[in-house]
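Working notes, beginning with the structure itself.
Here the chain labels run A, B, C and D in written order, and each chain numbers its own residues starting at 1.
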Amino acid sequence: MADPLRVTIWNEYRHEKEIPKVAELYPEGIHQTLAELLGAEGDIEVRTATLDEPSHGLTPEVLESTDVMLWWGHCAHDEVDDAIAADVQRRVLEGMGLLVLHSGHYAKPFKRLMGSTCSLKWRENNDKERIWTVMPSHPVAAGVPEHFELVEEMYGEPFGIPEPDETVFISWFSGGEVFRSGASWRRGHGRVFYFRPGHETYPSYHDANVRRVILNAVRWLRPTVRIPDGCPNVEPLE
Amino acid sequence: MADPLRVTIWNEYRHEKEIPKVAELYPEGIHQTLAELLGAEGDIEVRTATLDEPSHGLTPEVLESTDVMLWWGHCAHDEVDDAIAADVQRRVLEGMGLLVLHSGHYAKPFKRLMGSTCSLKWRENNDKERIWTVMPSHPVAAGVPEHFELVEEMYGEPFGIPEPDETVFISWFSGGEVFRSGASWRRGHGRVFYFRPGHETYPSYHDANVRRVILNAVRWLRPTVRIPDGCPNVEPLE
Amino acid sequence: MADPLRVTIWNEYRHEKEIPKVAELYPEGIHQTLAELLGAEGDIEVRTATLDEPSHGLTPEVLESTDVMLWWGHCAHDEVDDAIAADVQRRVLEGMGLLVLHSGHYAKPFKRLMGSTCSLKWRENNDKERIWTVMPSHPVAAGVPEHFELVEEMYGEPFGIPEPDETVFISWFSGGEVFRSGASWRRGHGRVFYFRPGHETYPSYHDANVRRVILNAVRWLRPTVRIPDGCPNVEPLE
Amino acid sequence: MADPLRVTIWNEYRHEKEIPKVAELYPEGIHQTLAELLGAEGDIEVRTATLDEPSHGLTPEVLESTDVMLWWGHCAHDEVDDAIAADVQRRVLEGMGLLVLHSGHYAKPFKRLMGSTCSLKWRENNDKERIWTVMPSHPVAAGVPEHFELVEEMYGEPFGIPEPDETVFISWFSGGEVFRSGASWRRGHGRVFYFRPGHETYPSYHDANVRRVILNAVRWLRPTVRIPDGCPNVEPLE
């Protein structure tokens, strides 16, 4: 039997405490909604961590024992300590998986790993979003239909990311935009997956297809190795 | 001064002779409309070649002296001789540029170079197509706005291509689909660019933005080398 | 428990019957040596197929029920029937995994899937080959040391392949060359892995590290989907 | 006639002032040796900037008017101000080209743009380095032979970089290692090229082939656009 998968769900956890509509959708926070989803699997050990905890909940012990991290943030990216963002980046480069959700496109760990602006167009206007599965063979797309629909905040191209290793989902928006909504990058010995849906005022994390993608991504991001950084001075082999 | 760029525009040239609406849009054929565009540049030597000429107009002499080839085909892909398709592929691998237009996604040379199905969804229904420039720094996008619109046949994902080296354009369609409309691949010592617009019953090749992309692509596809294939048995260097 | 993995090992199987040195190394053929390796796993159903069998052993029934195919060929690539090579390609595009070994770089299915020359430099001179693991986190590299050595035929760059999706191994040769020895490409809904070692006059398929890579690759190439080709005319969604 | 290309050569400029052997090879600094190379072209406007100047020589005015930057650093990466490293990164994302040389693999701007460790193996032992051109059609390889040799510091794989967009050169070392010595990445609207040679105790920047690559790279890195960052809230188009 495989070892349990140790997942840490990080959430900014501000909107849920301040905006009634968000509190209604995610009464205990987006992290708890996702924790219930993953916890129900049986073989996933789930922890949560939030911005206002000491060390944002990301102590060295937590980082050390995390296989896959999820990241949701929006209005307080700047409050994330640079040293902790650097620690998350370091753990990805050692092998940890990172699933970046929605407005996490601007999170410090994601920007550090991408090296680019991660900027985009946006609009809160109840757009219809139709997510197309353009790489159905990718494990993150397993069981996901060829297309599915949400009502959501719009994110539009150009998206300031490096060309993805794999483009899995592309979104169509009723307002006329397109967006690369699901994409992966290998960084160091770990992998990063970005998945677009999840604006806090919409029930997207209760949607069956969104949940399927998140669950697939978490499993796909399982580390294969753990290799600390080093730059060794070596003897010749010949 | 740079050497002139020697361009051969290949066109199936059947619809224009059979369908009045197409004849009206492209009275001397799509190839002539594109030849006028490129010929007006001054430093481009343009030739055309069509399916029903001997050797489809692609004699060894023509292939030998072509730097960049354009390819438009639709209803008669199967009538293209396999040996000639292989010759076009060989010339790309030696360094020639290839610009594949619209229904050329199913052309023999393109399928040989991609190695995949090149299949897609389609619909002739006067969709509005909005083409988004997702990589504005690419030379093929020079002077092209962030988005522009056409009335066109719809092509939808999933598109059966290898992950592009560069994804330059993504289309939004009013009927609800998305499509990677402009993409490049290096193959051997040459390059391939696919550009989606140009169904024969629409005036797309008279559109200023489409023409800008085609002109940019032709220049960008200029060969940098010509290296014939070889698999040499070599002596050790040490 | 996962379904058994259905593997077909294809071997040209000529050298072993004609060259005493090869017969000594692989008395029942390279395919049997690899079949024993994979068969010992317990959950892999192994079949073999060879050039001189009817349909080269690759009947529609065999292709239909193969999850992952291995391919070794050398002196008789041209004797492989084009229709069967096309069938193997089609199955990869539908989802089948393909592990191409050594001189299989010139095999028809590999060349069809790559779209390029697949040419290289070569020398039979008992070079020392040191294979470096440049992507240790890749599942194909699991348990493989940072570098390991063989005595082998030399293959040198430039290698006429499309830029790999993932470069996992790079070889150093005592005669002074380098070579991308392990690389992957997604093609359609399937994946292709090329692994360099295995000239017939060397015992490479008895080497523990080579065997580890082959076993890893076979498992990594397990299909995730099976999707037949189609190019549907679709109704608008809006 | 094209606008002149405005190049800024950044050099740490410490070793040249402290180590007699380095001073002998590069009496006025590595930056001056490269400035003479580029300046002789006629259409390149060259400036230099060094660590110990105010703002490391990279004032806003200099950054603002730089098309392509070269970067050589080694023992004092940590002394580069984080804000200035961030400014260089920002300018690349806006369109500026960046050529990173040798030990610049650990420079702050490069690490920020890659997002990964950029670590490697190394040895100062007068290795023979043979650089293989694996993508001869790349403009950076124009006029460069299939392989050429240097005596150099060894850099070995694994190299902690994201999979390159293009792998142009791979090195063989007499001590038994291999290394991806020339590689490119698109980041934002700009491009980055890494080129390995140039340890300060060797005359590599006087080598004709190394100089050819640097000159090619500088021209290839010319910006195509300048697009400042933005994350606009937009109105619907439909």
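The working rule: a residue touches a chain if its C-beta (ideal position, glycine included) is under 8 Å from a C-beta of that chain, and two chains touch if they have at least 3 such contacts.
The UniProt protein names, listed by chain, are A, B, C, D = ThuA domain-containing protein.
Here the structure is a predicted model, which is why all the values come from computation and not from measurement.
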Between chain B and chain C, which partner chains are common?
-> A, D
Count the touching C-beta pairs: is A-D or B-D ahead?
-> A-D
Cα centroid separation between chain B and chain D, in whole Å?
-> 35
Take the average of all CA coordinates in chain A, do the same for chain D, and state the distance between these two points in whole angstrom.
-> 32
Mark out which residues of chain A touch at least two other chains, giving numbers and ranges.
-> 130, 135-136, 156, 163, 165-166, 174, 176-177, 186, 188, 237-238
Quick one: which bits of chain D touch chain B in the complex? Just the residue numbers, please.
-> 95, 130, 135-139, 142, 147, 165-166, 174, 186, 188-190, 223-225, 227, 237-238
For the chain A and chain B complex, residues of the former touching the latter | 130, 132-136, 146, 156-159, 163, 165-167, 170-173, 176-178, 180
Which positions of chain B touch chain C when the two form their complex?
-> 89, 93, 106, 112-117, 119-123, 125, 127, 154, 156, 160, 162-163, 165, 174-177, 185-188, 229-238
